[in-house]
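The data blocks that follow each hold one structure.
Below are two complexes that have chain A in common, paired first with chain B and then with chain C.
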Partner chain A sequence: MQYDTIVIGGGHNGLAAATLLAKAGQSVLVLEKGAQPGGAVGVTRFKDGGSVPRYAHSTIALGRQEISDLGLSRHGLTGREAPLSTLLLSDDGRHVYLDGPSVAYADGAAHPDAAGFTALRDRLSRFADKLAPLVAAPPPQLEGGDWREIVGLAGLAFGIRRLGAVDSREFMRVLLSNVYDTVLDEMDDSPLAALLGVDAVLGGRQGPRAPGTVLTLLQRLRNGGNRIVPKGGMATVVDAFAEAASAAGVTIRCKTGVTAILTEDDRATGVETEEGERITCGRVLSSLDPMTTIRLTGIGQFDAEDVRRVRNIRTRGAAAKVNLSLSAMPSFTGVSDKQASGRILTAQGLGDLELTYNAVKYGEMPETPIMEIVLPGRRDAEMGATLSAIVQYVPYDLQGGWTDSAKKTLESKVLDRLEGFAPGLTASVQEAEVLTPVDIETETGAPGGHWHHGELIADQMLMLRPVPGMDRYEMPVSGMYLCGASTHPGGDVTGLPGCNAARQVLKGLKKRAAA
Partner chain B sequence: MSVIKKPAMKGVQRGLSPTPFHDFLAPMNLEQSWMDWAGFLSPRHFESIESEYFAIRNQATVFDVSPMRKYRIAGPDALTVMNRLVTRNVAKMRDNRVAYSIWCDEDGNVIDDGTVFRFTATDFRLCCQEPQFSWLNDVAWGFDVEIVDESLDVAGLSLQGPTSYAVLKAAGFNGVETMKPFDIRHFDDGVTVSRTGFTGDLGYELWVPNDKAAALWQHLFAAGRIHGLKPVGYEAVEMTRIEAGLLLPGKDFQSSHHALRSTRGRTPFELGFGWMVDFGKGHFNGRRALLKAKETGPRYMVVGLDIDGNKPAYDALVYHRGKVEAGHVTSALWSPTCKRNLAFAMLKAPYGIGVTDDLFVEIYRDKEGKWEKGLARARIVNRRFFDYPRRAATPPALY
Partner chain C sequence: MTEVSGKNGKAGRYDAIVVGAGHNGLTAGAYLAKAGLKTLIVEKNDYIGGAAVSRELHEGWTYSNCSYVCSLLRPEVARDLELGRHGLQVIPYEGGATFLNNGDHFGSYAEHNAFRREIQRHSPIDADAYDRYSRYIMRQCRFIRPLLLRTPPDPVSMRPKDLQEMMFLLKRFHDLGAREMADMLRFWTMSVGEFLDEFFESEVLKAHFAGSGIIGTGLGVYSPGTAYVLLHHYMGDVDGSIGAWGFTRGGMGGVSKALSLAFMEAGGEIVTGSGINHFLTENGQVSGVVLDNGDVYEASTVVSNMDVRRTFLEHVEEGELDGDFIKAVKRFKIRGSSGKLNIALDSLPDFPALPPNSILMQGDMHASESLDELERAYDDWKVGKWSEEPYFDMLIPSQIDPTLTHPGKHMMTVFVQYAPYELAGGESWNGPARQAFADTVINKIARHSPGFRDKIVHMEVRTPWDIENEVGLTEGNIFQGELTFDQLLFNRPVPGYAQYRSPIKGLYLCGSSAHPGGGVMAAPGANAAREVLSDMGRAAVGNGVMGRAA
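Take a look at the complex of A and B:
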């Protein structure tokens, strides 16, 4: 046996799982098919030297526990960085700016819904913190859970009671409700109302009217819901995860795609790489989605019911990425440089979000895409004049397919939308990179190019994620685990699936040693 | 990947469908006693159950098994898919052989039983009672096979009884004498014969495309007259099934796909089918659960009972020492051939496993409007109650 553990995929979750296992004394090998680790956290470098986050452009609600367990702060990611501010662009020019607790128009004028919005956000944040313990552990077990978990769940229920009678009733009322109604109960539709909607649906293939979008919002509002980008940008994030892994003794091998998971007598015993090399190990952790993992192992090793459940996971992605290299920093009308240094949203309201979502159902491109934009150069000058845009809703299964001309059409739709807010931007484009869900799938292996490796919505969350029976990270083949975004609690740059999976492996080992 | 063959139908058809043999069955069915078998008109009995029963045991009979579900599983991965489906090792079968088998769900509970026809390693037929098309497609997903539901295309006749071989010889099925039990042989006019059946006796099953069904019937009856060939209905076949020790899903156990309560499924071990589970062949559906079930031991046990007296123990409860309820009877009859009062019973552990003596059945009798009950002593015996060497003799005797 060459390694105690082999981790397939060097995305941040694979690295996180590897780190915790190595820290527990295991010899760990991470195999990554790409040229460098990071997966959907990476960097695009333009010809002129500028750079931009290739996919993810901020961390969302990254937890202190993971930062400290993985030792990320020693490698440049402390989590204490100032959270990004938020700029909400409005077609009527009355942009809204949120920085810390303050909510106002970009020109400084008071926003009529500021108080209502703040009260709602605070209330939801309180709810989110009550749910946070659910996220940082394997999903609750309905049958055969051990007493510690049951005590933990009881604590959770108690915590919800402690919200008080009014709040706890409200919590139960909104939990599985939709973000559209929940927000518009409190205020009129506007870019400010859309903010909570975007947080609920970003990366998913759901409109804000879908039931369960409050639950996804609550997940994003943990830890104050902070978006953090450390000094050095997303490259620092990848490096922190990779360096923490190396420091813990993990071996990371890039350009080594895994083509098969080897089993013997219903136990994972190693992997085979693209070059045909066979590497043996005591267990395999796959940060790939369950279907890919099943295919690598052989469908015949799994019961038909498992395969059916996995087949039915909804995985079509709806987020694309457009990265621009510009000749000059874009200038948004009526917005200061500081105000443009955080995240910038283009949604005009929850209604706009829902209508834009409609097209994706029919495999069509949105007329006016919804975007979350970051200008990395505003915070780190060495990144140059670049623009990073997450674009929604962009169908994986575009009618007619993702031809070059279809990609060009998407690019011009994005530029048209930007041009309205930042005149002259289109003319300043030097290089444009369009990454459709299909491109994302090809490059990272994420099924459907999906941000979460599988839709994150109530019926695919908690013990239903990725499917019942695999929700505790363990696959039916012994010594085989899942540790990527497809598992609980889903995607985003949190390291949680990886950490949870590794903790589950260690718990199993301890149990076996005790027996 | 899979093809559902639509039956040719004009307008909306209501009620039960005739089988391809119906035009022959109907005039012979003096009692006009029919039942619903999988949506088909199936004879319950033609004249008297007794005469049909004794015909099965003493001459030659045909039972129309066309309503059985028949699936063709063909393609490069057919062997892999069949081995993924059933608990037995299909790789060990030779071509043109039949194997009785069961298949299980992920919890190791039996879904159904049936016969696996291996024509070649890339061409199989599965014959069973319950619709399995969607389950087969689940099992075959990701493999290179085509699954065709042949249920409505292939007709079947079960030719059973001591003179069945003589009937086939007289009908010119040359070479049938070398067929061993579970052999398959292909004959002219699209007739495939397998040496299989439900009766535990010498017998064959004949399979033909629907359009050749009438010709086959006429041919068999022309040759079979002097060998006492006659059609039989479900009731008589049911008696011989119990004598032969064969379980019937839905009666002796519940298919796990029909059991709503999670505790109603039964593992092969609990049905006495442990011998059909081959753990050495690699993964198959339910293998992990079955390994665990084997370790924990059976929760129930289906047993054969030999009961004092001559009153059949229909639906009887089984008691240990006459006091503690141990289970219930699922099938029962007074066996005219064995001259024994027989039954299958589903007993709850430890009865039938650790505790096998001091069992009684409570038999209920309706005596002209008055119910009487009595306890009769029951002994657990091998459930293959009727087992005669002539079943397996090759070549069979020409009675």
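Take a look at the complex of A and C:
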């Protein structure tokens, strides 16, 4: 059978791209290596019946445009999900709780920096909203953009100017600044100060002192920076994307790995699967990273300079995932059940975050890892007494490699840290799953186990992502596109790279039809 | 010694007063005096030059005890002020080396073929990559050099001059073409470590080049933005040879001396020995300065060579400035990160790693052999410690410049990165810490130079705290402010005040806190003078300073 488009990889970005193309009337086939679609949004089921989101345990709120374009609301993603609350655990027991606009100590006492923090967060959110149009579209072209884009950019500049002279100057100053100074200029270091730092660096391999981390943060502060878990858990996210794709007429084939992208006369013509089947198509969209995509096509098909640039993309991940099955729901000292129902962070300050980052630079494990924890069972009793922790900073390239004993060491570091906040937790562990960046790479195909398929920092963002020349989703081989997290605007469960790529494909077709 | 005694006056009236006789203050002063203004420069120390000084701190030895090499000084300024005629002589050096712990070295030769052969010895692949690297760096230099003597536009302003300058910059950028534009955006935002990782495989070669990306900054080799700092050390030249570095004959004071001669020839006066107490202001307009010794000088134009924090937080009454401006000034990052050892040597030290009489010894020598070593040095600084394995930039100018000391004796300057301004635990620099810091450095040098310790006749140890106290640079930061993108161009030093002016009418900044930043460049001084003259409705002086006033 011949398809208009084949999408390699059934992660949410591949599915999003497929859906938009199918809705535009194309016949689309999605090929997924795993047993089910979902990529980085899977589920771990423990022996005793409990379950936990395998990788991503929350997502930033999806944009209204994507929800409506993909038709996700009919499949469980409404865009009206209540944002998660945030609990900041403090070594001195003075935990901080943030729920909606309220910022206070967990015991209800007023936090001295609440006003300063809120003002800063609001200002940065305002800035983030100004940048939002940049994220929801292909990155601006440095040269030869059409009039629509130029008008769009002028609108963006005008929008920034409309912040007023003081704020627009401030915008241009902080844009490439570092989150450490930006926050500590306004308040003393504390778990509260660390919050924006964690949001800026989580999943990446940068410390909060790295210039450019404010830009990374701004990307995540869109739509108020809220994080959500949809009703029915993270599984709903994948299901919604997959169902929306099917509803649009996309064919999804699982357990079908692709071994080659076929080309003829510098043009993609189909793919070859693990079983040796050749499927022809008009174009190929790859949600894999560019290096893997290039390898599948054959390196000889590409310019040496392009290959060099792609090889230079920094993709070493720095976040691990630890999933625990417990005999009872953990109880954090001084914290109510409600307060423990959102995300829970363990960073003690921006200084703590920066020092923890030091080790990863040399391929070492941190002394005291920093975690973002979610207790899925607090929101969905069916998931049982489980704990999901994103552990930062854990090197992909650990010295000596990720042996079983290294994984055990990481596990005990995590448990030691948890035990301090929730005495008795260690004894209640029934099963533990440690997913290092290497495991994440193996299982999901994310290069380096990196969330974003490539570090999300100024020199790998916008038109520099994944590399100059491929920033418009199009590969140098005609009929070949990228649509994964390695492209603009990067990772997190947003569906934006997929949507942008599909829109770019359609725009190209329209142009060709007109010509 | 370049001491200039002014006519220690008690009071006087001038067209313009410059506070601080650093190289930028002298430059601004010289341009103003040449434009016909009756100009006075006041200096707190009893010698001029700020951080560009030559001082005889041990009998028979002249030290360039602060800044120590020359390259960035804008040739346009040298021409306008005829610094050659006033005695400025820069002697290029032609080598450099990084010592390895295994007894080998990496040599850096100014001569291209020799350098290629040396790189080849460490990595044949890198020898090819080096040509690509040089071309890349040159392209960036070509882009940025002409911008140094231009006033940054205010992107928020709608004034024709700002719009025109914005268009100029955008056009210049756009003319590069898509691929080069992308390369430039990457270069400006990358870390020097990652930048070098893309080109080279040899650790020592990367470490050798990376030093320029961190010197004087509170950043590590893996901090984004340090690739640009690297450029800050490549965009200079000696006699038209771009990227070359040299020694000023007689020490770095030679620069200040030539500038001061140009200034005085144009009728300028210098008063040394008393710092400014405060600026006099009337209704938001500056009217003069009051010195610590009580002398009062009046002028409706005052140009401050001090850094932005010192100028506005210590010498302007708080009520004169609005809260937002003060906040922005306080937020401006000036972080002490480096120290210095100035050493009088009984004889030339031995470096067994180098061939005998090697030209490599005449230039900058280092002993950091990997990027990781450099990054760990930064990690120490972050927690308030000086680096256990410091990066140093070590030179012995007396090999080339015989005026510095007796024949056979030598003067060595060792710039050390990193040293924090505030030590962990509140320990004072003015105690045993200073010597312990020096010992750390000397021990590292001695690992590569047996018997080094015994050759030391005298040593001056300068910590960030000492540099702040003596020179007046806040935290001892050599750039008067971090060179990060949030503090460059129209953000330097304060958004909305990047055109050398301040909220106080008639009060200008001409130091390295202003665009384009530090290094003995004289660009901020020249740019500030141009703006002052423009505000007075006078024509700019000289053909070299082409940038238009904003």
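The definition used in the following text is that the second predicted complex is superposed on the first by the 513 of 515 C-alpha atoms of A that agree within 3 Å, B and C clash if a C-alpha of one lies under 4 Å from a C-alpha of the other, contacts with A are read in each partner's own complex, and residues count from 1 in each chain.
Keep this in mind: a contact is a pair of C-beta atoms (placed from the backbone, for glycine too) under 8 Å apart; a residue touches a chain by one contact, two chains touch by 3 or more.
Note that the coordinates shown come from a computational prediction; the quantities given were computed from them, not determined experimentally.
Of the two partner chains, neither chain B nor chain C is touched by A:428. In the superposed model, A:368 lies in contact with neither chain B nor chain C. With both structures placed on the common chain, the touch criterion links A:266 to chain B but leaves chain C unconnected.
In the superposition on chain A, contact is made by A:299 with chain B only, not with chain C.
For chain A, the partner touching the most residues, choosing from chain B and chain C, is C. In the superposition on chain A, no contact is made by A:36 with either chain B or chain C.
By the touch criterion defined above, A:457 lies against chain C but remains apart from chain B after alignment on the C-alpha atoms of chain A. When both complexes are overlaid on chain A, the residue A:27 reaches neither chain B nor chain C. In the superposed model, A:212 makes contact with chain C only, not with chain B.
Only residues 155-156, 174, 177-179, 181-183, 185-186, 189-190, 194, 197-198, 219, 222-225, 324, 331, 333, 372, 375-376, 379, 382-383, 484-486, 490-491, 495-496 of chain C touch chain A when the two sit together in their complex.
In the complex of the two chains, the chain A residues touching chain C come out as 141-144, 161, 165-166, 168-170, 172-178, 181, 185, 206, 209-212, 312, 314, 354-355, 358, 361-362, 457-459, 463-464, 468-469. Across the interface of their complex, chain B is touched by residues 266, 295, 299-308, 311, 476 of chain A.
Contact residues of chain B toward chain A in the complex are 80, 84, 105-106, 135, 138-139, 141-143, 282-283, 285-288.
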